[in-house]
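There are structures below to look over.
What follows is a pair of complexes built around chain A, which joins chain B in one and chain C in the other.
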Partner chain A sequence: MSRPTLHRLLHLPSSLRTFSVLSRPTPNYPSHVPLTPLERASLAITSAFGSLLNPHRHDLIAALGEATASPYFISRLHRAMLANPTGRRILRERPRITSKTMRLEELREYPENSVGRAYAEWLDREGVTPDTRDGVRYIDNEEEAYVMQRYRETHDFTHAITGLPVIIEGELAVKAFEFANTLLPMTALSLVAFVRLKKAERARFWSVYLPWAVRNGLKAEEVVNVYWEEELGTDVGVLRGRLGIEVPPDLRGIRKREREERKRERGVREAEGRAAERNGEATG
Partner chain B sequence: MSSTLLFRKQLFQLPPALRKSLFSTASTITNPEIYDVVCIGGGPAGLSLASALRSNASTKRLRIALVDSQGLNGGKSRDDAALYSNRCSSLTPASVKFLKECGVWEKVEKQRVQNYHGMEVWDGVSGSSISFDPLDATSGGGLLDAVGELVPGNRFTASRRKYEMGDANMVATMCENQNLTNALLEHLRTLGDVDTFDRTKVDSIQLGPEPVDEKSLNLSQWPIASLPNSRHLAARLLIGADGANSPVRNFAGITSEGWDYNQHGVVATLRLDRTFNPEDLRTAYQRFLPSGPIALLPLPNNKASLVWSITAPLAAKLKALSPQDLASMVNAAFRLKIADLDYFLKHLETIDVADELSWRLPNTSPTATGLPSSLPTVTAVQEGSTASFPLRMRHASTYTGHRVALIGDAAHTIHPLAGQGLNLGLADANSLAQRVTYGMEHGMDIGSAWCLDGYNGDRWAKNNAVMGVCDKLQKVYSVGSGPVVWARSLGLGLVNRLGPLKGTIMGAAGSA
Partner chain C sequence: MASLSLRTSRHLATSTRTTAPWICQSCCQSRTFASSVSRNQQPPPPPSHQDPTQPPLPGTRQDDAPTHFGFSTIPSTLKASRVANVFSSVASSYDTMNDLMSLGIHRLWKDHFVRCLNPGIRPTGPAGLRSESTKEEGQRILDIAGGTGDIAQRMLDHATTVNKDMKTHVTISDINPEMLAEGRKRFAGSDYQLAGRVDFLEANAENLSTIPSNSIDLYTVAFGIRNFTHKDQALREAFRVLKPGGVFACLEFTPHLSNSVLDGLYKRWSFGAIPLIGQVVAGDRDSYQYLVESIERFPGQGEFRDMIKEAGFLVPGQEGGEGEKGGWEDLSLGIAAVHKGVKPV
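And then the complex of A and B:
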């Protein structure tokens, strides 16, 4: 092979090579960590198993979300925001939801049945705060990274307007709704946590909450396009109507009733057992 | 036209003599003037045919008439040399060679003509691109070229050299239509001996009257064009160069099949952000959008010509924009993602185009959209230069009939995405002139099928192939997502890397 030909062979176009891990390209935003395709794939697999084994590892769940969102799904969500006038305004103004920008004391003052009040009541009932969510690190495009961040920060609002609690059952219902609405793969992968549900919970999820989630997620407007900071004073019912979301059955209420039912049955069984013992003693 | 209508038409196609006596309504034809060639239509195709016939020794004694409904005294020279017409054409090297051979090219105003040497064509949806770099041929190509050179008996360098004619590695030449027409008219005037009937609309075309007796002149098989002032031109060969709705084609009973694209071509003259010198290498740019391709073709100094094919309602909206907004929209159409551009076009009346553009540009990654780094920014649109025309594809079922030949738009209409329309017309004129020359040199009757069939055989299949490719390209690139996008991006990327294949395509496109 002649020297010029060998030279040409070595200078293949750069799209066929990825960068070396010893010299990563400059980050596109402060918390950006560029990954090679192999790194991204192994991050996806290991964080999937890690978060299944320990669902409290929110950093692994975040990493799973970011590793699986590129290249297509986060771009699709980004495009959905660009196609909507409110979505574009959100991308332009880049609002952030943190415990500083959403103060619980102010939110509690909002009128009855408003989005802000519903959000505050839900936070109080579940015992959580609008903590600063993990920053996005593994998405290359800067604007797409913001879209992912926005989705993460507005996840609690979806809980608030549907009334679903933070227990696994409620989270799975919200995740199923979000998959039908945003198509992010991580939301579908979270449904693997289905295996951690008890038998009765599984039956309820399968027959009630999954159909609700799929039906509403597909029918509703893109929830990522809602400018929540401006909708705090809106009536929740009006917002739900505008988005096209039905209220699911009250999960905490159902569970409370079932618990009471089980307690009552246990009480009856114990009473019967004691009565049987006494009879046995009397006869025996 | 439905097939039943066609069938009925053919069924009731009467023999010419019977048809003429039943249907002719015009006054009886007295004293027809006999011409060898009557060319109806004074556009570039008709004029170049007349020029070619008058330039050639074998045909220069033919009696030629040229009829046009518009004035043929040439457009006035522009008051402001900086203004350019919005109707420009891209002339391939083969067309320029033909015009040089006729002696027309030296009369073209050279300072208003722009050669371009490179082409950047990219897919708006996926960003995949193909670039024809002027330095490609000189650098000797890539690895595959080296491998190709090893094959014995290969003709790769020869095929690439096909488009290296004249100006080093010139791809094509941008020329205003008026510039070309003026040069053609001036050349015809210099040659003289062509009877021009300008501002004359042809009243009717019929076959001649039956001869009164055995010995008198029999023009019953000759087409006779009747002009308003009772003049009748009998043609040994009648040329239809009269545009898409050709009356000559109707007279000959030749059908023209095709379809309308649901698009209009918006044209304008643009001002760019930097000025180029005459000796600079220039590039033409084309981006394929799902709504239609947008092309920026270079003109001298800091000017460029815009051809943007887009759906009819959006074309109307674009024409209604202010020049500043249209300039911003052109920049947006080349630079932004499709999702952004769709939003712009949908909400054109309500948004501030310049403001949205200035926000979106820094947030759009050029590598994702495939933007070539050399693309200049459009700063303004020349006042009054925005116009649009409907796009369609039509092809006549044959180009010749008895004593009738069709050239130019009368024979075929094509989508402007490959800039081939005028070039095909000039190639038609070239081929027909050569065929008439051959006929004259071999004692044929130039209006007979014996002479004309050669023209049909030479041009019909080639034109059909070019039109077919352009039509399929338009259809493939009008898809917005899915496997077609993936397949076409892969194909374009492959062709981009295969130097010899690219060279062959350029050679084929350049030699028409």
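And then the complex of A and C:
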């Protein structure tokens, strides 16, 4: 092999250079685990099936996201952050969202219709907290790992400003929106959970929420560039307008109305049934 | 200071036998199954400056020396609590994970281990003679690091079914309460529990002060001893509690296979697949990474045989011999090995 070729080979980017599980390179950040391509593929496949079978395994969804984000998609998202001044500031300052940095007691006191208030109200309505999300482990570049962590921690804010609930229908709508907005493969892969929806839910998703998600995800600004910590006092409508996001139909409201409708119909049917029996006894 | 978590060692005593049955030539042919699990990782970092914060356990030497925890180096005093966390974390999925990691072969190893030890005293001769020769209390077996109870169950089943011995008693000992809880679940409501033939002891194998000396017929430890902070101390305790003529038996992984090609494949399985399975099935990559690294850190078969001899046990075999001649038995091409020793009478 000629010297220039050898030189070029030795200076290939690290994602192309392979190492073995027996001699992993040193981690780029604490808890980093460099994976070989085979390991990455195996992790992607097994965590995909694992999280489909047991959607409560958040760690598997997180692992799926990380395994599928490299080499291209997380870099694209990283570049999108670098191209935006606020995104660059976020990367410099590295804010983290935890129960300590987002104090619910304070957020509840924020003005009506502010982002902070909407976030606190959404968390209370859904019964969730800004828990520490799983730490990123399988993304090699340290800054890209932060981008992934930031995406994960701001997911609930996307829920809050769109009002979509944590039930599976709502999560799928948010994931579809996130796919159109961030292009992370895991968001698209999560849509396989569509098979867990009931028939009416599927129809609704197909006709209402998926079109909403795609339309808005594509036309909106990159949500990952929002410095949420600074936008807590902003009016939600103003922020949505700035980002270019429409409010989707209130999913919990629709479901509640449908439940009441079904209950009412059942009551009517039972009443008719009883009347028919009485008539039958009287005549028969 | 609470006892630190160590895998409970199992003590099996067969001192009432007239011959030394632990060398059973007929059944202990090593079975070769090519399940090469390779374990190797980046070279260990240089020893870090240790900082002992707790007083040493009574009866142990001064712990200024750092020890290994997988490929990390930590103060000896911290090892047991780190191991504790690993086993508390893996306890509930322990048996499932064993099946996945060894592709079910661990069952064959454990069956072979128990069958070779042949616990239980077969009643022979007319009833009159039998009551004279057989001890009233039956064989006492101590299963160390036996938390989930799979070895103890096999011991009792073998003694009862094969040797028709209804008096064999097994004490399952483990330093980790979560692992012991799994064992209690296994035996809850079983005939053995009702007959009082199994009991549970939360103890550190390096300090079995609640067990009187010279009281155990058979001491077993399966896949536990590599997690002990001071293996030599555990071996000395084993020597103390065994009756003269009692048998020490250990089933443990070996750090490498003799065939280097298979060893390469084996280590790649260990360091690649096993932490991945741990992540997906148990949600805990780090514990399984520790487990495969701890295997790498365990002494080789010859060295471990020498440690057993140093504790005072009689181990047959020639110096420099391998396998049966060297005083141990390789299983599955050397992925695991069975070591035995007899306390001199």
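Everything that follows uses one rule, which is that the second predicted complex is superposed on the first by the 267 of 284 C-alpha atoms of A that agree within 3 Å, B and C clash if a C-alpha of one lies under 4 Å from a C-alpha of the other, contacts with A are read in each partner's own complex, and residues count from 1 in each chain.
Operating definition for what follows: a residue touches a chain if its C-beta (ideal position, glycine included) is under 8 Å from a C-beta of that chain, and two chains touch if they have at least 3 such contacts.
This structure is a prediction, so every number in the text was calculated from the model and none was measured.
Pick one for A:Glu126: touches chain B only (first), chain C only (second), both, or neither.
Neither partner.
Just checking: does A:Glu229 make contact with chain B only, chain C only, both, or neither of them? Give me first, second, both or neither.
Neither partner.
Is A:Leu82 touching anything from chain B or chain C once the two structures are fitted on A? First, second, both or neither.
In the superposition, A:Leu82 contacts chain B only.
Look at A:Glu171 in the shared chain and tell me whether it touches chain B only, chain C only, both, or neither; answer first, second, both or neither.
So A:Glu171 meets neither chain B nor chain C here.
Looking only at chain A, is it chain B or chain C that touches more of its residues?
Partner with more touched residues of chain A: C.
Using the touch definition from the top, say if A:Ser42 reaches chain B (first), chain C (second), both or neither.
second
Using the touch definition from the top, say if A:Glu221 reaches chain B (first), chain C (second), both or neither.
neither
In the superposed arrangement, does A:Leu22 touch chain B (first), chain C (second), both or neither?
In the superposed model, A:Leu22 contacts chain C only, not chain B.
If you stack the two complexes on chain A, which partner ends up touching A:Asn141: first (chain B), second (chain C), both, or neither?
Touch partner of A:Asn141: chain B, not chain C.
Using the touch definition from the top, list the residues of chain C that touch chain A in their complex.
38, 40-42, 267-268, 271-273, 276, 279-280, 283, 285
Please output the residues of chain A touching chain B within their complex, sorted ascending.
Spelled out, the residues of chain A in touch with chain B are 2, 4-5, 8-9, 78-79, 82-83, 85, 88, 91-92, 141-143.
Give the list of chain B residues in touch with chain A in this complex.
Residue positions touching the partner: 142-143, 146-147, 337, 339-340, 342-343, 347, 359, 363, 365, 368.
Quick one: in the complex, what on chain A touches chain C?
20-26, 33, 36, 38-39, 42-43, 46-47, 50, 57, 59-60, 63, 137
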